[in-house]
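First, the structure itself, so that you have it in front of you.
Chain IDs A, B, C and D follow the sequence of writing; residue 1 opens each chain.
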Amino acid sequence: VRIDLNSDVGESFGPWVMGADAELIPLVTSVNIACGAHAGDPVTMERTVRIAVDRGVAIGAHPGYPDLAGFGRRRLDMSDEELEASLVFQIAALDGFARAAGVELRHIKPHGALYTTAATDRRVADAVARAVARVAPRVILIGLAGSLSLEAGRACGLRVAAEAFADRSYEADGTLRSRRLDGALIADPRLAAEQAVAIARDRRVRTHDGHDIGVVAETICLHGDADGVVPRARAVRAALEGAGVDIAPLAG
Amino acid sequence: VRIDLNSDVGESFGPWVMGADAELIPLVTSVNIACGAHAGDPVTMERTVRIAVDRGVAIGAHPGYPDLAGFGRRRLDMSDEELEASLVFQIAALDGFARAAGVELRHIKPHGALYTTAATDRRVADAVARAVARVAPRVILIGLAGSLSLEAGRACGLRVAAEAFADRSYEADGTLRSRRLDGALIADPRLAAEQAVAIARDRRVRTHDGHDIGVVAETICLHGDADGVVPRARAVRAALEGAGVDIAPLAG
Amino acid sequence: VRIDLNSDVGESFGPWVMGADAELIPLVTSVNIACGAHAGDPVTMERTVRIAVDRGVAIGAHPGYPDLAGFGRRRLDMSDEELEASLVFQIAALDGFARAAGVELRHIKPHGALYTTAATDRRVADAVARAVARVAPRVILIGLAGSLSLEAGRACGLRVAAEAFADRSYEADGTLRSRRLDGALIADPRLAAEQAVAIARDRRVRTHDGHDIGVVAETICLHGDADGVVPRARAVRAALEGAGVDIAPLAG
Amino acid sequence: VRIDLNSDVGESFGPWVMGADAELIPLVTSVNIACGAHAGDPVTMERTVRIAVDRGVAIGAHPGYPDLAGFGRRRLDMSDEELEASLVFQIAALDGFARAAGVELRHIKPHGALYTTAATDRRVADAVARAVARVAPRVILIGLAGSLSLEAGRACGLRVAAEAFADRSYEADGTLRSRRLDGALIADPRLAAEQAVAIARDRRVRTHDGHDIGVVAETICLHGDADGVVPRARAVRAALEGAGVDIAPLAG
């Protein structure tokens, strides 16, 4: 049994620090780096790429809606052309820092409202997939396990990877519980570790209302913007290793 | 005798149109496309790249200070790290649209206050050259003829190209007359055409105060943001052709 | 019979010009000035206020979704707190220029996607009304005739004014035909003038599919961002005057 | 002997938190609230005003260069018209939240590079003073003790207040030591407290190179964006009270 551990990083902006990237990055196998639209700026992108390269962690782009004040968590009604062009822009910008550091992008994972919208709205999922196919056709598109994101990616000829979450709770239909509702985040390291093992080893997750549902995922996300992510990441790693799961990056 | 004709294009933003790109692009041999920092947005970048590709015109990046409201014409006191990272970001973003369209960037030309600062401030010139060398080492760096920009580019191992202006007037020291002063712009198509021929054929330009100075340039700029650029471009082309000058893009 | 003529102005940004404010402002009785979120910038706001004061035209704020690249025409899923605070910010900023010029804000009219959303979504209409009531309780809130905007304004104790459009076509339910559909804009000065007279004198408008519906409006909008607005405004004025309609600003 | 204690607050932006405003505000007598240009956003402005009103602390505007990524710490070469209009915009926007909360602005203090530039560049100092005089003629303009900022304010008929710093070190000429140099910040609460007492009681400050210079100040700044500001503020208050200094807001 094998799983990738990914985290959203590079989400500082200008003078404002978010997350604990230097400590977190060595604990995961893939990082999704913000591209300046919902978070991140050129200096942050460059420094984050460098940390990831130094630690041998796979680098991916983490594009989002162009809405800094809203951190990409607010749905923005962009046209297909606007969304595709914004994604090409963001992915290419991050790719520039990766190439300048001598590495290639391994994957792309949309952020926030774009991620959740692409999971259930095929028009948005298709625009995301087309943008990736145009600017980075060989990278892996990460999307919510079982969602339209992955279907749209496959339809565009992309290699896709299904994602599940150690630190977010699930609804009965397999979607993530909205951050606007209580119990959306799983802060307790022990509970996050249990959920990670359930996903990776047992291919199931317990929903917010207490049922077990099946989930098939190649990668598990740990949120870099939340408090306590470092101890949670340590607990998840330890539990996965204790359960005999091989923690390794996505294969290209 | 051979000269490249370049123009700054793709300087619209969102709902706001600047210039007459569709008419101007076929009249030049190289275009410098804004990269979203001082002007341009992802949709504009994509559309402008497409027009240039359709017309067979060489594509270059036109990065500037990240200051949309000031159109990159206000000096911004960025650190070297900030400036380099901003340029890597901008150039890479435009490169993404070029690659998605199946072409390569031919050149890079800084915009506005960054262009004029890099011409006389070696620290800034070096930061520009380093950024280009890191993200696009095979492209041509365009700088003001005789300026520090070109020295810095050569010092970084870049191919450089000296630029002169058909529609801007010159000071006695070979710098451009500031846009804040009267007589900075040469609007009259006939005068711009005369200046273009003087530069390309005779390797000299008449300064604002009436003296002739030598200038050696591989490319001549026509400003895309100014009124009347299309008739001016036509007049310049006709005059150059009449003077036996070969109008052709920069050789890679 | 009396009607106010209003127009959206001050929608330039930085180096980018939109509209023909200096020519249009003398032709209307009220102007809605963009507040820097969807369009406008401090210099534009100041200059536009000055033109309106010089011409004796009533000044209003024209706040929109904070989305410059999208010109406030894309729905943005802001929380109530975010939307209210954004509106207080925008209205207060414009009010500062008005006060510095010695005049008071007469009215407020939301822009673009905020205007159309507030017309049909009571939660958004309430947030708009609350923001106005908090920062400018004595101004007039302009909203689509017959819409929830006006109900929400009245519920907050605001003086409201119903608006109709000379240069937009209507659907059968009294909403504006979407700009994404053909026939949304009425460019022909003669047709716009006819529609203005029908609204002001006859209290009806012919819909896009050819039926007459009733409309009761105190103010008629002429769009400042569209081509041909100046001749259209002249035609509308002339037709209204010819029909014996008194063109005068909203009474405070 | 009487002194005001002021702090820069409201410098969070969107999802990014800066400072510890809720803890710091009760420890000072005046707060300078960021206005959305270098930091702050409408929701942050509103919440910060509310905390200050609840705590009975005097509210001031803290406008800066419109440069979020650079946090207003980079000099931006704005024209006088641009700078004045930007300041009117920022001050008016904050004033809107103050009025909505039922209080008046007491003071205005420029931020970062604008503050230091206005201290030594009379053209910039004049533009700041003119903007304040136009939009808020009755507020107090805070500037560096002994600097051109105060002269320019007086020349515009403004009430001015001289400021000194407890947590920044001074050069021999009475200017602040640049943040780019070592020893610019005084992090040790005991040293900051000593410097505050020297300023308030003894009207002198020891410079970075060890000399005592005179300083006459009505208000002392504690930086809200720095680590350890809360214990530093407590130490400064305790030392001032122990030295018999009356800590009270600026009189209007």
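The rule is simple: a residue touches a chain if its C-beta (ideal position, glycine included) is under 8 Å from a C-beta of that chain, and two chains touch if they have at least 3 such contacts.
These numbers come from a predicted model, not from an experiment.
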| item | value |
| --- | --- |
| Pair of chains joined by more contacts [C-beta pairs], C-D or B-D | C-D |
| Whole-Å separation of chain centres (CA-atom averages), chain C against chain D | 39 |
| Contacts with 2+ other chains: residues of chain C | 41, 69-70, 82 |
| Pairwise touch network: line, ring, star, complete, or other | complete |
| Partner chain C, residues of chain A touching it in the complex | 66-67, 69-70, 74-78, 82, 113 |
| Residues of chain C defined as touching chain D within the complex | 36, 41-43, 45-46, 81-82, 85-86, 88-97, 99-100, 134-135 |
| Contact footprint of chain A on chain D as seen in their complex | 12-18, 39, 41, 68-71, 73, 225 |
